[in-house]
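Chains here go by letter, A, B, C and D, matching the order in which they are written, and residues are numbered from 1 within each.
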């Protein structure tokens, strides 16, 4: 199967495609992403942060069942009432659930039963879509699509964490030709004016609750690097002793570097002939011109300090992004890894390739209110001790990311496709 | 598939069956034991002590490849040289290996590849058996058979640990009719004379190195209960507050009871209508007349103190066993759970049903010498902090157990089919 | 000794007292704070976050020796060159040091040797002050004074953590008359206009680097409670099930509540006759009208959500503080515990009593640069995963706190005198 | 104070000294042993296994109060009823107690209060001794003496663990002249006949319950090394790669070596000029001719395997000890460290110098019954997962050790003065 050309083309974001079409295109994509994996691959869990493929397939299905079908489809009966315990993620208001660290023990229900579950729920969703949808049902379908897209990205990053932990180091997709090794384009700076700017989502189209309310932010003049930090630049940081100079690091970061013996990005190893890194295409040489990825906030922050710059705030990033197209090398591009920036003026790689760490803590916007009910647990309760990332990655489904999109992870986490872009005061 | 009647009949122990026949009967049995399990079931690992089914199937195969075929079959080429890392268990002299706690991450090689590996090695073993076997090769085949039988028992206890950890509580085999609930036979005592006795294996037939050298032991007159402690007796212990009286317990045991919140045997839960316990036949009511199982040494010791008796030493057990047939309800009986003792005089349940904790620390016999090479790591290096168990269980393959057989586990472990038999001074 | 009236009067903040006078008043106060404690009390450490009294006394002394005397006092010889290892806190650029969790093992040097060390360094400081001080030396003296004041507060909170961990529950100071139990004044709201405001320190007088640069912030209209949340209000939260409703909590907070079995503030216990709490005055009934203290950010945030309000941002707090006097019941007031708000209009308890959690993550201000050298490690490297607290507490030395002062702790920490004040959008 | 000559002379074991004299001599010795330590030194605890000096002083006093005075001295009132919580060690039947790992937090009661407590209890003990003692009271006094002697040895090993953990590495006693560096005497073997031997205590004089009942053991002919393994021999083991050859080690031992990065005995470090080791005389060069000390059972076992020999069983040791005087360099000899064996025929160093690991698990003797009541918790409940050591050490009080004495520790523990003597089959 040629994933590159056929499979990963998710629903087009900006087209007139109906909600129903986008719903089923999304549902199909999840199955397509799981297709290269055996049933065995789909059950295992390499670490607490990651979930098994099968769990992602079932959880996204349960999400539609629990929050949509049970409420809006008359006479709907759940496929198996024990699945709520198995596949609820973190909704305290729904009830008890399989502990996160033990999702890899769910050999039952089987992968085939989960596929049957998906079929069953898809049939019910089709029945629901045949009806006139209430505004609330339509909103929940939209949320369910976006929710499933998030899990599509996690499915890929989580299977990578599993495959890296396996001694045979399997590839999710065998790579075709050799990975490029061209030079990166030189870094340029793009300057932005200061002032009071409106940030946050304006309410046109779907957005998560954490992207609003739209509000004003005061921003000082700044400059943003026109591309992401590359592997070549990161190797210079390593060679200069970056991982052994405490003065470059946040205290928590330094404790992590020492406690975890970090000497480079996650999945990377020094080998004869250069740096190798595990990827969805297997264990292969890193491309010096491509963005560094699988680095934590701690590392991104230390690198910026070493380089004499800083990370942008999330609002600087958002304001700057107005000058860039939302197009980018996301999942639909089919690379499954971040690619080098192409020559040209202006900001590059703002969308796709790697999520970009910002210097902003993940907190609520002024006036933010949590939605009532279980859906209110979606984002708000994580607003503590995490940092905002912007822009999407090579594993983000088409049309999922926005200028106002706020992704968030803890500062030590690095199994996502996380990288960075430098900033400085103007 | 009717496991009860067909599958579990392992090689007859006492027959004239050739080494070759017993080898392939053993190899087939492993596959039969895995047959009720999906490929998904075979990959997961519920706890560090337990291993995945697939790992057991591959490790026992690797054992023949590494210690037999590579040395004795000219021109043998290993199936895949990466498997040594994956499937070496604990042989330091062989080299590095997948960490024990991460055996559940081995989704590759696949279950099918492991089956192919077994076929490949079986073909080579057949070729080897076509030749005139050297004495050493024959001994290693015998060791490999016994090694694989041990892993057959572990395969069953380990899949039970997995299925217990799953919310759907699947049964390894669906039970037919209802579980019996008859009364246990009353406990009687069988008296034995003291004196100097020869214990340990006499060298006729196979035995592990830890069963020898045969030597003399001084034994005082003692009495042994004619059957194992039952679930009904254990429930009386619980009801009397056995798990909340520190004076009954060893200090390490009491710390474990408090630290782990133990209130009964492993896998057992109090429910309406009585005690339920997870088993290979699913989650079902315990049979009051059957031997209690899944108890630790700590619990066995505390129970004996509560009852006013003690555990037997391993030598008392061995000497007493001379009066009992080695026949018993082991794996071939097909019950997959310990069964009530039948009426009659003399010692009952000495073999099969449950492994019986003894009061003897697992240490070397006088004059014991470790064998040279990797095979010498088989038993000797575990002679520390463990206790000896005797007699085999409902999951022990036919013909595997002997009067001199020494099983051993740490005093806190209880995922095996472990129970106890009381003793007292005469 | 009557600590209340004599001892705790630290250097007056706003007076014309010379730097030298303030230096030695600060040095004396540390000794006075340690005076009620035996040498034994001064060596022990109840938890990793807290340090022994003796360590505080020595570390603050080492700070002057390492950063001031060695550079600015010609011919100065260190008291004992092994003390740097013992009493360096976290200055990576200075070198290796006693692990934080093992500060309680330093029975040597003895308390008397540490007192001698203080005398030795004080003599040298006096010699230095006799000279014409360079601007940099004067700045380091000012920093050393403020540094020692921070440790004076920690000395008190850390000895409280020790005394709480002791079965005899000793009091740091015996209380005189019974603790008051009057009613709290009713809560009122004070409204503030929105706009662009200058925040951060203006450079007049001492401030930490993290208080600047002074810069503009955009603030929306808001209201601030005129007093802190009281124990009576907190007990209503508990009674309403606040600690068992996951929907009120941040996810990290809820995990902490469950994992640590939190059911109320630190040091508090339900007893017959009401809530008791360990304090510097011993284990005594809480005063319902006094501010709740020893609560974490998680708890403060959950309480605010339960109450239908929110925590203020650090800039709202700072802007609002312009209407309040910097006077407050800090250490000099001699209460050693937070006191009820007094009737009257306007904001009360802004300074002293309890540190107030804000909703602001502890991050750098725009344009912040770390100072070069070891002193640069003072604040900047902690700008990650912590929250800002404002206003000082009953244990903050006189003159130490400012409107722009930013204290910071992790969201789970609660051994400081931490409380909260509610806010809402206007 | 010249500890060497005056202080450490404890009650003579074999003299006619009255029970009363021995009681008060023992009580005085504890105070003398604490005399070189400051109050600060006496409060700290370096690890869970070790206790503070003050705790030992108080616990041994509480033992007399709880088990003797409260029962046998009419009108006795306890000194402070809160001390039972503070100073109960592990008597579950007595009640709750300060957690073992937090004994170092007991800054209250103060060292002076503990000394007052000792005086108070000593006065009461004197009053009790003025009366006619019941047989049971006399037995409890004897037990209390022996109990306190055990804690005297622990006091010394525990203060060593603290001083080793301190950066200033203080000496408990300053050493006089340089440590000897003569050659060890060559190792000789002493042969013993096999047969049936009576072992265990015969009831004449005091013994712990775990030394009986006296019973017969069957012993095979064996040889015992005439002296302990020396530091020089241990250094040869290290040099030969002993700590990096897994085949020499028990599996649990090897895991400990790797997990704890063991490369030599506890407290030892390679330095320029040779091996240094922390001792009660400070951090000093090891004496090659002296017995190796601070080694675990794991290490002793691995060394014996490396050397081609084995450890003796506890019964071999006991039978052989009949040919040696119970005299030895115990605490009264005043060396405070193990000393080289002196030339001469026959077994040397059997008593004193170092405790000798045996190959025997610490289990009950045939017919052993736990005493009723709290005193029954003294020994029996530890009969699990530990190994027996024989012979006493340089820190064992005079007259405390016997041929039948069974000390016991876990196989990983090494903060006691533990060493080894080799054995082999005849």
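Please note the rule applied: a residue touches a chain if its C-beta (ideal position, glycine included) is under 8 Å from a C-beta of that chain, and two chains touch if they have at least 3 such contacts.
Note that the structure is predicted; figures quoted are calculated from it, not measured.
Enquirer: According to the touch definition, list the chains common to the neighbour sets of chain A and chain B.
Expert: Expected: no chain.
Enquirer: Distance between chain B and chain D based on Cα centroids, please, to the nearest Å.
Expert: So the centroids are 39 Å from each other.
Enquirer: With chain centres taken as the means of their Cα atoms, state the distance from chain C to chain D in Å.
Expert: 46
Enquirer: Using CA atom averages as chain centres, what separation in Å is found between chain B and chain C?
Expert: 60
Enquirer: For chain C, jot down the residues that touch at least 2 other chains.
Expert: none
Enquirer: Every pair of chains that touch: which are they?
Expert: Contacting pairs: A-B, A-C, B-D, C-D.
Enquirer: Considering only the defined contacts, which chain B positions touch chain A in the complex?
Expert: 38-44, 46, 82, 85-86, 98, 102, 104-111, 162, 165-168, 170
Enquirer: Spell out the part of chain B that touches chain D in their complex, as residue ranges.
Expert: The touching residues are 90, 92-93, 196, 215-218, 220, 246-247, 249-254, 297-298, 301, 359-361, 363-364, 366-367, 376-377, 381-385, 411, 425.
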